[in-house]
Amino acid sequence: MAKKLMKGSEAIGEAAVQAGCKLFYGYPITPQNEIPEYMSHRLPQIGGTFVQAESEVSASNMLYGAAGSGERVMTSSSSPGISLMTEAISYMAGSELPVVLVNIMRAGPGLGGILPSQADYFQATKGGGHGDYRLLVLAPWSVQEAADLVQDGFDLADHYRNPVMILGDGLIGQMMEPVEFHKDRKPIKELKEKIWAATGYDGTRPRAIINSLFLDPATLEKHNHKLQAKYAEMTRDEIRYETYGTDKDYDILIVAYGTVARVCSTAMEDLEADGIKAAMIRPISLFPFPYEAIRKAADKADAVLVVELSAGQMIEDVRLALEGNKPIHFHGRMGGMLASPEEVMEKVKEIKAGKSQEVSHV
Amino acid sequence: MAKKLMKGSEAIGEAAVQAGCKLFYGYPITPQNEIPEYMSHRLPQIGGTFVQAESEVSASNMLYGAAGSGERVMTSSSSPGISLMTEAISYMAGSELPVVLVNIMRAGPGLGGILPSQADYFQATKGGGHGDYRLLVLAPWSVQEAADLVQDGFDLADHYRNPVMILGDGLIGQMMEPVEFHKDRKPIKELKEKIWAATGYDGTRPRAIINSLFLDPATLEKHNHKLQAKYAEMTRDEIRYETYGTDKDYDILIVAYGTVARVCSTAMEDLEADGIKAAMIRPISLFPFPYEAIRKAADKADAVLVVELSAGQMIEDVRLALEGNKPIHFHGRMGGMLASPEEVMEKVKEIKAGKSQEVSHV
Amino acid sequence: MQNDVIMAGFGGQGILLIGKMLAYTGMQEGLEVSWMPSYGPEMRGGTANCTVVISDRPVGSPVIQSPRAVVAMNLPSLDKFEPMVRKGGLLLINSSLIDRSSTRDDIRILLVPANDIAMELKNPRGGNMVALGAYVGSSHAVPIDAVERVVRETFSSKPQVIDANIAALHRGYELGEQAVA
Amino acid sequence: MQNDVIMAGFGGQGILLIGKMLAYTGMQEGLEVSWMPSYGPEMRGGTANCTVVISDRPVGSPVIQSPRAVVAMNLPSLDKFEPMVRKGGLLLINSSLIDRSSTRDDIRILLVPANDIAMELKNPRGGNMVALGAYVGSSHAVPIDAVERVVRETFSSKPQVIDANIAALHRGYELGEQAVA
Amino acid sequence: MSQIVINPDRCKGCELCVHACPQKILGMGKTLNAKGYFYAEVEEQKRCIGCRLCCITCPDVAIEMHSHGTMYHYFSY
Amino acid sequence: MSQIVINPDRCKGCELCVHACPQKILGMGKTLNAKGYFYAEVEEQKRCIGCRLCCITCPDVAIEMHSHGTMYHYFSY
Amino acid sequence: MSEAVFKNPGSLADVQTHYCPGCTHGVIHRMVAEIVDELGVKERTIGIAPVGCAVLAYNYFNLDFHEASHGRAPAVATGIKRARPDLMVFAYQGDGDLASIGAAEIVHCANRGEKVTVVFVNNAIYGMTGGQMAPTTLPGQIATTCPTGRDTDLAGFPIRIAEMLSTLRTPAFIARASVHKPIYAVHAKQMLREAFTYQKDDRCFSLVEILSTCPTNWGIPPAESTEWLEKNMIPYYPLGVFKRPDGEDRAPLPIRPARRPHHAE
Amino acid sequence: MSEAVFKNPGSLADVQTHYCPGCTHGVIHRMVAEIVDELGVKERTIGIAPVGCAVLAYNYFNLDFHEASHGRAPAVATGIKRARPDLMVFAYQGDGDLASIGAAEIVHCANRGEKVTVVFVNNAIYGMTGGQMAPTTLPGQIATTCPTGRDTDLAGFPIRIAEMLSTLRTPAFIARASVHKPIYAVHAKQMLREAFTYQKDDRCFSLVEILSTCPTNWGIPPAESTEWLEKNMIPYYPLGVFKRPDGEDRAPLPIRPARRPHHAE
């Protein structure tokens, strides 16, 4: 298919449709209203169904039901709305249901603001809901990648029977860029028939029970071990990241994800012009996190700079990756303020000049 | 006052009353029903008010309102119920309101089971809700300590204008132990008048607006910086932990919190009888986390063992504390299964014998 | 010194109550105590149990995997807890409702026809008191007169049942003491 | 080579639309592009702006702090974005609605009476097209005939307005080119 | 002819059937079942009119009704 | 006697007052205010009957009514 | 030859439930299973278990089942039904689940007219969690969170779900029945049958509120509980059909605004 | 001497709002402020701002204010009122906020009989987020998430909050008014005054649903919007008082179960 100039939100919707998603349950919230709006006109065209739920609590439980029936389903929201979904997300993870959840992050806490942020990193990667569960979290940095990750997300969700979260920021939702959808896209995983789905018990297979309750603690522990084994498998097989300029020599390694990584890439070019050597690693899967890759990429560098639109959340994972081997610096913006290439350059120069304070160890 | 034999849940309720909490808004959930039940008969005795909310979503928003009027208020719940409160918790943190939240953790994910667990550590310490906020999290290991921490919690909440979470497990809620309330307890912090509370605008002070919305990103960033500065202050002043046997020599340092630390203390005694030297450090404040103290305590040890009723969540903070300096081992139970002293002993012996596998670095 | 016991039976047999009374007595005697009920899935199934720890030092784990004593008031409880009794420990079996003993030879076994004795004493609901007395008699975890005081206090609002319960308590105690002797 | 521009004005002046058309043209020409609207609090305040980046390499930051060009269609936009124009960059001022120029001497300033020209052309809503043309004329970010094709495509469902808009576009373009020359 | 069969292991001894029977021919037994309940018993089968009220009322589906030959139902259920 | 005062900077030009006035003495002006709106004006003050409907209808509290001496109100508000 | 004319229906699993002796949840389970059998829709029926005493319902029905988070069964039902309109979907909910935490979900499920069936078991108490006050607890009734009885000045009056939902304009079948005595149960079953039939015919949302006992948390033995229900609950919660889909004409009032709304640009 | 007989009420801040031209949120704000002034309760009134176009209401009232998370204003109001019964508490909510996500909170706040006042602004659309369908959107009305008009077969009929809440047994004052034209606004103000007065007299919960325009998202200029409201909304949402606290007698039906409920031990 030819390239189309699309808003990120619409590309996400279209990517879902292309991936065979026929059902969308959602509730409006800025800055991602264009996703439900797109789905409300697009899905009827392909015989699908859009339901505007009465709330995010309800939307996430609708998703829970629909996924249990084996269909490909998606919802999207932004930060406060995702908080309201955490209970159901924990249920879906516990019941091992494949769903795609999109969080177009805005600034918090509370009602906060509607501008871009990355302050839901912890919520997405460590579990906003209760209990030991993990989402597979993918963070795009462009509209095209958002579309691609949504499509991959459906395959991964089905393969692992696990919720997948697409974690974008307000920029991803609002900006327009060229997007291409590949007609003959093949699933990235071998997909099995969903014999576990609750579609009516006709005696030809065991009864399907979509459930996260196990009153017997030994059984529940076993179930948890099974989940953990699955997360370990993801950690082995699903790590995604990209590196920029790591083939050359460099003094500073930048770690950033999402659109702020693009800001950093602009800064890198300008730094190069100024004769400062920097490379970048961009985690794409936030869970599983590319610890190993970051550790390796940091080898050549004298120092590491983490850039986030938050008070510093991913930085904990970077610290876990590096375990004190390299000095780590941080540049963060909050409240919907964006980091600019100029700021990042400035920070890198400070690090080089020994004027930036290292992030304290403990 | 003389010692009373009390259920942990009731002691938590009584401690709140003693701390001047006159308002409780809550919704039933096992294993902490005795808290709202206790409050429903106790509060009317002192002219206070118990409201059974229609849900945890509503309870947390009632709390939001009541705290905004300057009163000392509390709610309690268990894991799934806390997930439903995450949006309001983020609002309360963003609006800088002092409230005490009790989570008597049960096993998850999803509906899970009702037996004890510590799998909400991430949710409590890294932020279950959206945005960059932190709760001050205190984890008791006995009924007496639960009562004490609740009382301290009210003072800390008022002092920092920040939500405080008491993070207990099912055992804390259900077991009975002797408790003593001190009649002339003094606040642990100097408490200022709550001039910020919304109690009616009579022109004698600026208008009180309880709010977390800041549409201008620069203003919201400033607000976030203020919050972060507060969290830094907590990190400086409010770290709590206890050590056991660290004055002597030891080979193994155990890190555990909550009732499972008692299991470990029993194991320690039995290990001593077997001639194996182990010490323990027990974080009481989970945010702020005693990184420095753990790093120091680990100095003497050959290896560190983290014990949790989860798949391993606090272990990330322990790894951040140690930054690869010591081998770390983990023993965890899930699903409501409890770790026994025998298991812990066994694990320690395995570590000594070089038979336990170290937790992988990245 | 630590004493710990799991008491188990049908809901309604007053198991949790005697556990609380035991813990309360320990506390009155200046000892460290904890009382932990089962609250798991078995609850609706009609069985109940609790673990009481009495110690002269702060109580470590309030949940005991290998208790020093088990009081089994019905068959399912015996089946469940018999294997857990610590070597050299005590297994008290309510022989009124359980018509088997234990085959373990590494523990002390005490058969107490608790309900029959209670019936005899015209205190049909007093089986739990007999069991409590028997446990105290054979463990000496707390002094029996301290238990007696707690019984009086516990039933102070129902004075008519006090004497019958104390009688049951003492009959149990005697059986317990004899068994140890 | 990268071109980037912030276009800003009242909501209703068609700012976001010309930004999209510019980006779309870039894409048609095989270039890398991004278009980023303001969606912040200012929206309800009645102003709108967007940032368009056109580049021969993948677009880095889609948000530009020091843009190479600014198109200011009303006074608040001029006030806001004037200081941000990169040294040596271009500031295009809609002099129909803004009765001041800029005092900066490190940038190129282009006064375009966009609404007046549109009125003249009997296309009262065509001020945005004039501005687009002027930007393209002075930046050569994309070829003007490519823009023309996009205009035709964009308005294909309202053929009656095509010619007027293309006329406006070209008048703008001429002004832009002259200014550069 | 109707025959009422009560499954002792299913019965929880709630006595609802005893109250429901218009013929008062059900009663509570004196033996405990495996779960520890005194269970219901048919005391006078021959007076049973096959109304099924006991079956309908039993929350534990412990009561079955069997018929010999065609039966007239007093009400549709 | 009533006098209607419209604050040009408050007015958003919605025209609701123009429609509300039973005397039809309000109209939209031809100048833009600071916010970029054409604002409402009183065209014929002397025909004003002081009914306050314009005041009541204005969503932006842009209209004040002043009175000289005692006024009779057509309806209580 | 003897033939079983009353026995465990095929859609009910042949296992003992965890319900307390005399708890009428069991009666309602059996009747729902009987209707699924009678309508011949067993192979395409999905049940939704609530959070409440019926949380284990998935063990008791011989059907595919789905869990819901507390109160959200109508949302889960919506999710399934919209995904698979060919399936029969019923949610089984208690009064705490449906009338308290799940109030928004039931109102909106009914209001959207989802073609699902809700079996609403009102026992005026939170059974599962040990007897707390429900929104349906009667004035003066004692519960663990209203130890001196529900005080209407503090907690308001019990909520009447059937009546409240019946005010919605969207066509629906809404009824209230009771199962405390067999003759009432017969009526309840008729209501349930009608409700499931509306779904089978793809007509409308249906809900049957069923008054039920909770001997354990009421603290009243089973047989007395049935009397208590009859004496106290039925006067406050009258039985009957409150709404049928044909009760309101369906003229769709086709109104459109003058133009398509435009976004701020 | 000239005297201002109509001007900005003291409880309203003297600032320009962010509302779109002709949006009747402004009229409702002013009337609420006038009533607070008239009742002389300014010094003890707390307003609660919703999440919706009125989210910034705290900037527009000269009163202490409290934010609520989306839909939960009635819970926030409950929290404040129970903590400080001496305060006057009102929640200001839109139709998405109150009737959609906040349905449970409003039903239970009303049902508990919280002595607070709710000003419910029904403009049949989600204004703040750019014109999505609300539960109150009329059949056939176009919105960004029902681009071909609300289809009652898929989304059901619009929810009538005043009618629904009026079925609750707990005493309350519930009314519906409109502000699209001044004469309706006069009536709306009377309703609001009555509502606030019930609270001032410590009598009952009160709610006034007020029909309001959203010219921007309806895509209809302000003056035409008022016509559209009158022609389309009022027939579906009739105006008037639906419930007064003395409309139902308050006999408290004192029922108690035979014994205190006991826990499973």
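Going in written order, the chains are labelled A, B, C, D, E, F, G and H, and every chain counts its residues from 1.
Convention: a contact is a pair of C-beta atoms (placed from the backbone, for glycine too) under 8 Å apart; a residue touches a chain by one contact, two chains touch by 3 or more.
What you are looking at is a predicted structure, and each value in this text was computed from that prediction instead of being measured.
S.K.: Hey, which chain ends up farthest from subunit A, C-alpha centres compared?
M.R.: E
S.K.: Which chain is most remote from subunit F in terms of Cα centres?
M.R.: C
S.K.: Provide the C-alpha centroid distance between subunit G and subunit H, rounded to the nearest whole angstrom.
M.R.: Spacing between the chain centres: roughly 30 Å.
S.K.: Roughly how far is subunit D from subunit E, going centre to centre by Cα mean, in whole Å?
M.R.: 86
S.K.: Would you mind pulling out the distance in Å between where the CA atoms of subunit E average out and where those of subunit G do?
M.R.: A distance of 27 Å separates the two centres.
S.K.: For subunit A and subunit H, what's the span in angstrom between their mean Cα positions?
M.R.: Centres of subunit A and subunit H (C-alpha means) sit 38 Å apart.
S.K.: List, in ascending order, every residue of subunit F touching at least 2 other chains.
M.R.: Each of 35 in subunit F touches at least two other chains.
S.K.: Could you list the positions in subunit G whose residues touch two or more of the other chains?
M.R.: 19-20, 55, 67, 69, 100-101, 103-105, 107-108, 112, 130, 135, 144, 155, 264
S.K.: By the touch rule stated above, which residues of subunit D touch at least two different other chains?
M.R.: Counting only residues that touch two or more other chains, subunit D contributes 40-41, 44.
S.K.: For the complex, give me every residue of subunit B touching subunit C.
M.R.: Interface residues on subunit B, with respect to subunit C: 3, 5, 30-31, 113-115, 170-171, 174-178, 259, 262-263, 265-266, 269, 336, 338, 340-342.
S.K.: Going by the contact rule at the top, pick out the subunit A residues touching subunit G in the complex.
M.R.: Residue positions touching the partner: 22-23, 25, 49, 51, 53-55, 57-59, 61-69, 71, 73, 87-88, 91, 95, 198-203, 207-213, 215.
S.K.: Name, in rising order, each residue of subunit E that touches subunit G in their complex.
M.R.: Listed in rising order, the residues are 2-3, 9-10, 12-16, 18-20, 35, 37, 52-61, 63-68, 71, 75, 77.
S.K.: Please output the residues of subunit H touching subunit B within their complex, sorted ascending.
M.R.: Those residues of subunit H that touch subunit B are 42-46, 48-49, 55-56, 58, 62-69, 72, 75-80, 82-84, 87, 104-105, 107-108, 112.
S.K.: Taking the touch rule as given, give the residues of subunit B at its contact with subunit A in the complex, in rising order.
M.R.: Checking each residue of subunit B against subunit A gives 57, 79-80, 82-84, 86-87, 90-95, 105, 107-115, 117, 119-120, 122-123, 126-133, 211-225, 227-228, 291-292, 295, 310-311, 313, 316, 319-321, 323-325, 333-337, 361-362.
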